[in-house]
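Next up, some structures in structure tokens.
What follows is subunit A paired twice: with subunit B in the first complex and subunit C in the second.
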Partner chain A sequence: MEIIKDTITFMYPNKLVFENVEIKINQGEIYLLIGRNGCGKSTLLRLLAKIEPYQFKLHLVNEKEISYMPSDLVYYSYMKIIDLLKFYDDTHHNFSLDFALKYLDEFKLNPKQKIKKLSMGEQKILNYLICLSKNAKLYLIDEPFPYVDLLNDEIFRNMIINRYDETKTFIIATHQINEFEKLASYCLLIKGYKTIECLSTDEIRSTVSLSVEDYFKEVMRYVKGD
Partner chain B sequence: MLKVIKYELRRFVNLYIILLAGCLIFFLLDFNKHLLMLYQLHASIIEIITTGLALYLIIIYILDDYKNKKLLYQKASLTKTQEFLGKLFTMIMLFGSYLFIMTFVYNLKLYILYKHHYLEYLRLNLDHTYLALIGRDFKEWLYPLHLCLKNTYTIVTLALMYGIFTKLREKRYDSYNCIVICFLISAIIYYLSNYLVKLLDETLPFLDFSYITPRLRAFGLEDYLVNILSVNSLAVVLLYFIIMIKFITKKRSDNQ
Partner chain C sequence: MKIDPNKSIFIQLADYIRFDIYSGKRKPNSRLESIRDMAIILEVNPNTIKRVYQVLEEEGLIYCHSTLGYFVCPSEEVIQKNKQKYISDRLKEFLTLLNNCNITKAEITKIIGELYGDN
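Moving on, here comes the complex of A and B:
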């Protein structure tokens, strides 16, 4: 079942990001969104999350059932971690405080720590934790991995496995392709402002005998800059 | 809405306490001085800080829109109206309570001086500091409320204009057109509120609503242009300035 099937055209002042690009997302799949720096990965996620004023046609998912993880921290600086989790519990009906507290413990984060004093890695973890603690149908995750240590990488993947069922769809924009390669069933490769290629990860491995990361490197070597 | 108020009040509580404590200390430091100028200065400080606080809060909320902070409530189980009203009431509660606490302290100080020194002298000379209430008519007790309403009026006008601007931008109108439309809407609001104040003054004269903004009774274009130069209009000009910044920095799609 498709939750998104649309053609996008989008530009910032003086920069065309997408021009008549077809995009199709199926329900219950995990997608890796990959591409070079500045190619529009974050923009695509913001468009799908309906943060930019763009009327994407969504099927089977309403706007409140989207959980979006931005690449930077967005919270009020007076808050402690526990205050923030309670804020989400109070204001988002699909937020699970128990789920968040369970993983907070696994990540070894102190709930009484002030958010503004968190390290970059801890900020990423907190962003990710909040995104995954919502019981949503579409998860849009922007760059979860920079600054995060190896043990926490493992917890990240376990969280997705715990959350996953056939009604939930994940789109993860990342440069650390290896970390999610085995989880993802498809990869969305942004080749330029006119093409987003959707490939099955199994197909890449079986037909060209390359890992997704190596395939990406090979392909991008021959793509002309826009 | 109450949830929004709860979290937004906590966001500004530190600033609020600093302003309140600062002003109270300033009042208490010169407690025994009997210079008339000081009381006039105190009244001006209360007015300026209250208006400044109101404008600061609305600017912070408008600037939040540039940043990712708007995401906090975006996917929440609250409607946009609940979020808007929550933020509006937070602003009113903060500058309103600040005004009433400071007016109370100010008048308490005057009252103590009256008891021990010379109120008659003060009463005769504080006519222009309209927060001094002691020993006066009933209607003068409403002056802090009038000041509070005046700030609320400014805040609501700005919020409304910004809201309309954002909606128009979402509907793909050009920024310059949006600014012109916002300007015209602000003119209509001025006319309507002037007319409302006139009606209130006629029907409830004892409440003395003429102190509520806009004080000038403008019904012609010429008068309106004069009003543009009034203090409230400065706030509107400030909004245009913010809108211009937003216009310059806002990312938008032109081919949608």
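Moving on, here comes the complex of A and C:
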């Protein structure tokens, strides 16, 4: 079942991002959103998260059931991690403090640590943790991987599978394709401002015998930028 | 299990479980990991595991208990039949390949003998 089926046109004051681009998102799938730098990955997520003034028609998903992780989120630096999590627990009805604390422990982060003392990677982890701790229907995750070490990547994937059920949909924008391609059922490939291709990851592997990452390199090398 | 990122994960997983059953590593009537647990262990999409289980169930190699999850087929006979069919299907593909290369039966017997370490 589709949660989104729409044709979008969107521009910033002096840059056209999408022109009559068709986009279709099915419920219960994990999507990998990929494309070159500046092609509109983050913009697409912002549109879906309704941060930009654009009205996507969402089916089966209530606006409050979207959990969005921006690529650069900044929290009040004087707060402790535990205070931040409690703040979310108080203000978001679908936030699970137990889930957050369980994984905080797996990431080996100290709840009493102040946010300004966290490293870049630890801040990424905290953003991700908060995003996944919400029990939502649509997760929009913008570049979770930079600065994060290999073992924590594993926990990232583990969290998604733990959260996953057939009513939940994940869209993950990333350049680290190989980290997520085993998990993703589809990839959304932004080819230019006029096309977003939606491909089954297993179909790519079985028809051209390439991993999604290698396929992406092959395809994008010959696409002209606009 | 090591997953090759350049090949269909669905086929790799189906074969992985199939071989475990054929080789006796997974015993008849033993319980399979739940879809979620298997997804976490192998770090793959739960939908893929679900599809694999469904296909193996259609083949009669595993069965689904309404509340307890998936189990390996209880009948050794069914497993052996399934195994023979799988092997003969693979060999048929292989024979086509040999025919395309125009290799005679005598030649291939010799090669197989060598590979098995016969004189």
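Keep this in mind: the second predicted complex is superposed on the first by the 226 of 226 C-alpha atoms of A that agree within 3 Å, B and C clash if a C-alpha of one lies under 4 Å from a C-alpha of the other, contacts with A are read in each partner's own complex, and residues count from 1 in each chain.
The rule is short, and it goes like this: a residue touches a chain if its C-beta (ideal position, glycine included) is under 8 Å from a C-beta of that chain, and two chains touch if they have at least 3 such contacts.
Computed from a predicted model, the values in this text were never measured in an experiment.
Asker: On the A-aligned overlay, A:198 touches which partner chain: subunit B = first, subunit C = second, or both, or neither?
Answerer: After superposition on chain A, A:198 lies in contact with neither partner.
Asker: First (subunit B), second (subunit C), both or neither: which does A:211 touch?
Answerer: second
Asker: Between subunit B (first) and subunit C (second), which does A:63 come into contact with in this model arrangement: first, second, both, or neither?
Answerer: It touches subunit B, and subunit C stays clear.
Asker: Should A:30 be classified as contacting the first partner (subunit B), the second (subunit C), both, or neither?
Answerer: A:30 contacts subunit C only, not subunit B.
Asker: A:181 contacts which: subunit B (first), subunit C (second), both, neither?
Answerer: second
Asker: Can you pull the subunit A residues that subunit B and subunit C both touch?
Answerer: none
Asker: Spell out the residues on subunit B that touch subunit A in their complex, using ranges where they run on.
Answerer: 3-4, 6-7, 10-11, 14, 67-69, 71-78, 169-170, 251-256
Asker: Going by the contact rule set out above, which residues of subunit A touch subunit C in the complex?
Answerer: 28-30, 154, 157-158, 161-162, 164, 178, 181-185, 201-202, 205-206, 209-214
Asker: For subunit A, which residues are in contact with subunit B within the complex?
Answerer: Spelled out, the residues of subunit A in touch with subunit B are 9-13, 16, 19, 51-55, 63-64, 66-68, 70, 72, 74-76, 78, 87, 90-94, 134.
Asker: Could you list, by residue number, the parts of subunit C that touch subunit A in their complex?
Answerer: Against subunit A, subunit C makes touches at 3, 5-11, 36, 39-40, 42-48.
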